[in-house]
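There are two complexes below, and they share chain A, which is joined by chain B in the first and by chain C in the second.
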Partner chain A sequence: MNSWNLLWLETRAEWLKAWRQPAFAIPTLVLPLAFYALFGIVLARPGGGNEAYLMATYGVFASLGPALFAFGAGIAHERDAGQLALKQVTPLPVPLYLGAKLLTCMGFTGLVLLALYALAAWAGGVVLPRVTWLQLALVHLLAAVPVGLLGLVVGLSFGASAAMGVTNLVFLGLAVLGGLWIPVFLFPGWMQALSQAMPSYHLAELALAVSGRDITGSALGHGAAALGFTLAFAAAVAWAWRRAHR
Partner chain B sequence: MRTVSTPSKPPHAAPPVHGLGLVRRYGAVTALAGVDLDIQAGRVTTLLGPNGAGKSTLVGLVLGRLRADAGTLQVGGHAPGSLAARRLTGAMLQAAALAPQLTVHEHVALQSGYYPDARPLADTLALAGLQDLAKRRYEALSGGQQRRAQFALAMCGRPRLLVLDEPTAGLDADSRRALWQAVRTLADEGAAVLLTTHLLDEADALADRVVLLANGRVAADGTPGEIRSRVAARSLRCLTALPLAQLRALPGVTAAEPRGRHVALRTLAAEETLRALLAADPSLAELEVTGTSLEDAVLDLLHKEAA
Partner chain C sequence: MKEADATARVQRLRRIGIALAVAAALIGFFWALPEPGDERLAPPAPGFVVRDVRLFDGERVVERATVVVRAGRIVEAGPGGAEPSDLQVVDGSGRTLLPGLIDAHVHTWGDALAETLNFGVTTVLDMFSDPGPARELRRSRASFAPRTHADLFSAGWLATAPRGHGTQFGLPVPTLSTPDEAPAWVDARLAEGSDYIKIVYEPRDANGLGAPFPSLDRATMAALVAAAQARGRLAVVHVSRLVAAHDALEAHADGLVHVHADRVADAALVQLARERGAFVTPTLAVIAGFDPTLPATAGEARENQRLAADPAVRPYLTPDQRRGLETSPGTKLVMFRLDTALASVRALHAGGVEILAGSDAPNPGTAHGASLHHELELLVRAGLTPTEALRAATSAPARRYGLADRGRIAPGQRADLLLVVGDPTTNIRATRAIERIWKNGAAVERRRYPEAP
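== the complex of A and B ==
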């Protein structure tokens, strides 16, 4: 069996695992939508000109849930249950195992994004050219990669209950300091400095740049920062994986 | 000229497991203190020993889940835990589980895809006795059925090395016997089976070879018959009024333990012991003399090891 085939089968299994746990999957899907509906639609000033802004940042927010909770904290649970130990002795190449998890995570993010875009277009008054929608979708989908890797680092480094706590903290940090709920330019100076250290901040700026907003710094710079975070998290996953072996 | 088709599997030069002078420490505790282990194809090798003897550590080394502090170890000529070694290995771990949301069929199909030369799915299910449970989710299986599903995953890839760590823990008598039979079939197909157990009847029923571990060393290594014959002792069982201390002082007696209403004696000189016993206790009743069971032999060997 070639690697692509194996990746497909493994991803399918991961997808079924996530999908057949509705108590886990549904909150992950609904939470970002509920947040967006509340802050982006119900409480937003109509005609304030910020419709696209909110959707760009909430799209990044939508990628946090599946990546951190379903797959990060999820792997900690699998490890505690003894599922990971059994996987580690099978001849499944490690990159395929983790790749399948990331792809599934992106799949879930894609579902949330579809619902979010529909909500934004119909009820949120967001009007964008078709190309911009597609570019935005690309940024939002790819955002799941660094965040998913970060989730795996947490999941591989802590036991299930500790991982849940740490994940909540990471989730909050990425959402608040990344400027996904409140724009970063409203923060005091020291908080703005902290934002620079959040991958979510750079991802949000990228999404804003794509949606035609003026941003602080260059899109290229934020892209490079996001890539840097991705590589650093990937290295951290490799390290955590070896440690999780025992 | 016609070409002769070569057999589908090339002859394997490297032994399934080849280990020399294996040492593993946990802080100040030495779990393995220099163990040599070679495992042959087509045979069931059983690691036997009390808790803490080093069985699980040795299995951890073979699977590449632990690293040895000293010594060399190869699995089919490859480093343990490497992808090449894992392709030759199937394993059933002690405290393991499968994803509860997937069905037995989904699990076996997925795992079979990992191996280059997997067994047909229907054969795997039949060998593990799971034909009727294929569509059931793992979470809906009983404890024993879950163990069988784990066994199916361990052997679905036709591994050259099958590692079974306490495979029958939690199984009822029927399931245990069925699993023994399946293990036998796999060994007859040519797999090298490495099995840990603390159940002596399991070792006696299944093993071609018993490796007895005690305190991180190999205390004995041979067929169950050889292990038994290394201990010339016999067992006596009787109903007697004599206190244990007096029984232990009888000629030839190495051990005396209460067994319900009876007392069990181990002796190296059955006739002398009997004569002395009958003389000392005229009320002696329900006397029974038996040969050495594997359990008795192992206990004697462990006793010697500790002395």
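== the complex of A and C ==
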């Protein structure tokens, strides 16, 4: 059994597990789509010129649900149920266990994104150069990595019921302060300052830049910020894992 | 052992097969997503025939014409003519068919383009707004797919001095101060997708009197005009005073996007404008909205309030549009006088200067779409014939701004059309009696906004 095979099997198991709890998986898939359908399609009047803008930010929003709820809060449940202790006595390396979680989380995000793009293209009136569709998909998919890591930090740090509450708060903060529902420039100054501390803000700016919008700051700067958050969250996962061990 | 190997191989092949199928499905999905210029998803409307109609083709009037539209374009237009049997027929008797109107001075955001189309205005020329939405709409602007909003051409950010006119709205307007900055400023706008360049020029006079905010100096204004024209783009200038208008024309501006309002145009200005071949978009509708001396008689409704009350207009105004039209100016200090502006337009028009119709909606006293009909009426009051006023809102702006596919009813043109009851070529107010609107050859359902009883 080489590591790739292990990762594959573990990811497959994770995927099946998530899929076999439809009451849990489906809402995380449907929630961002319902939000987008409401604000990007139903309430949007034709000719607003913000069709791709909305898809760019809701694509980042789509990566929040699976990462935070399905996998962040999920791992807290596993810990409470003693599954985590079981995993820890198996010869499965820790990075593979967490890597499988992250891959599954990206897989879920990918599914939401496909549905989101289909909605945007055929009901939301979004028209983009083909290269831009692909670049945007890349940004949206990779957005699941830092958020997924953040979810793991929460899941490893809190018990199941506390994790749910904390996750809700994190979810709201990332969505609102990240400018995923309301553009950041409409906020008062102190909220705009808080936005800078949100990975979702930098991810959204990156997605907007890719979609052809002018953004505050450079795409490179926001990319670096997103990478910084990813590394910081990865370190936090390692720390939280060691704490969860005891 | 051999059997186990074989099973493993079959499994591996199956896995590869699944991976390939998923990859193919993904490629297919992304391939199917709509690209600019992609019309596979929403095919153009099949077409229709308008029969026995009075036709204003953007230039002149043809009595009893037939117009045939197919796949979003006009294929035939002229007197008589055979009507194809495969298309829906619209009886045009007692009605006039016009090119979809063009408003040559607006500012768009939010629902502007939907509100605009609701009044038969199928194209707008934006003279300053955030370029982001314009860039998005530009991607599908050339398409002939059915659309439920007007098309937008835009200047994007305007050229103004730091803290100058246009910076007061809190938008991140990129400003400039010196002639040396002009070429790079224009390049940046064109890279953002600006269709033409709009310059604000509001200098103080020799006595230091003038606008209460900073302005570009004359040399910077001239450098911007030159930079735009060197790149094959139009340079249009916002002025509000006669001296500034003169300066802008001397700098070879392609057009003025307001008529100056401090005093009546003199012979020198008219002559300069004619010699330079410049156009003027007077925006009388917004001047009427701002004029604090209107109405002359107490108790009488203001110009814009009368428009809002017109039964041909009112049901189609959104609550926001109604509020916009019913706004009264807050101060008596505003220098805008409709009488002065009308006299200037009269002098310019009589002197052979081309006039374009623009409303400057949604400024106080105006509303998108509706106010262009008001502007047409005001242009006729300023001495244009109804036909000349209609040209100013169709073929003239299309020619001046290089919009080759619109503004006229002729074979090959985009089928942006307006069918009105009566004859606006003799009574300009008939443009408000809208019976049908088509955008890209597809019928537009007009929206009504009932008022609370």
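In this text, the second predicted complex is superposed on the first by the 246 of 246 C-alpha atoms of A that agree within 3 Å, B and C clash if a C-alpha of one lies under 4 Å from a C-alpha of the other, contacts with A are read in each partner's own complex, and residues count from 1 in each chain.
In this section, a contact is a pair of C-beta atoms (placed from the backbone, for glycine too) under 8 Å apart; a residue touches a chain by one contact, two chains touch by 3 or more.
Bear in mind the structure is a predicted one, so any value in this text is a computation, not a measurement.
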item: Room on chain A for both chain B and chain C (clash or fit); value: fit
item: Which of chain B and chain C A:R20 touches, first, second, both or neither; value: first
item: Touched partner set for A:V89, first chain B, second chain C, both or neither; value: first
item: Angle at the Cα centre of chain A, taken between the Cα centres of chain B and chain C once the superposition is applied, in steps of 10 degrees; value: 170
item: Chain B versus chain C as contact partner of A:N5, first or second or both or neither; value: first
item: Chain B versus chain C as contact partner of A:Y53, first or second or both or neither; value: second
item: Partner chain(s) touched by A:G212 [first = chain B, second = chain C, both, neither]; value: second
item: Partner chain(s) touched by A:A121 [first = chain B, second = chain C, both, neither]; value: second
item: Smallest separation of CA atoms, chain C relative to chain B, angstrom; value: 13
item: Residues of chain A at both interfaces, chain B in one complex, chain C in the other; value: none
item: Residue ranges of chain B touching chain A (in the complex, touch as defined); value: 63-66, 81, 83, 86-87, 89, 91, 93, 95-99, 101-102, 106, 109-111, 113-116, 137, 150, 153, 157
item: Complex contacts: residues of chain C adjacent to chain A; value: 29-36, 38, 41, 108, 110-114, 117, 131-137, 139-140, 147-150, 152, 172, 192
item: Partner chain C, residues of chain A touching it in the complex; value: 45-53, 114, 117-118, 121-122, 125-130, 133-134, 137, 212-214, 216
item: Residue ranges of chain A touching chain B (in the complex, touch as defined); value: 1, 5-6, 9-10, 13, 16-17, 20-21, 78, 81-83, 85-86, 88-93, 245-246
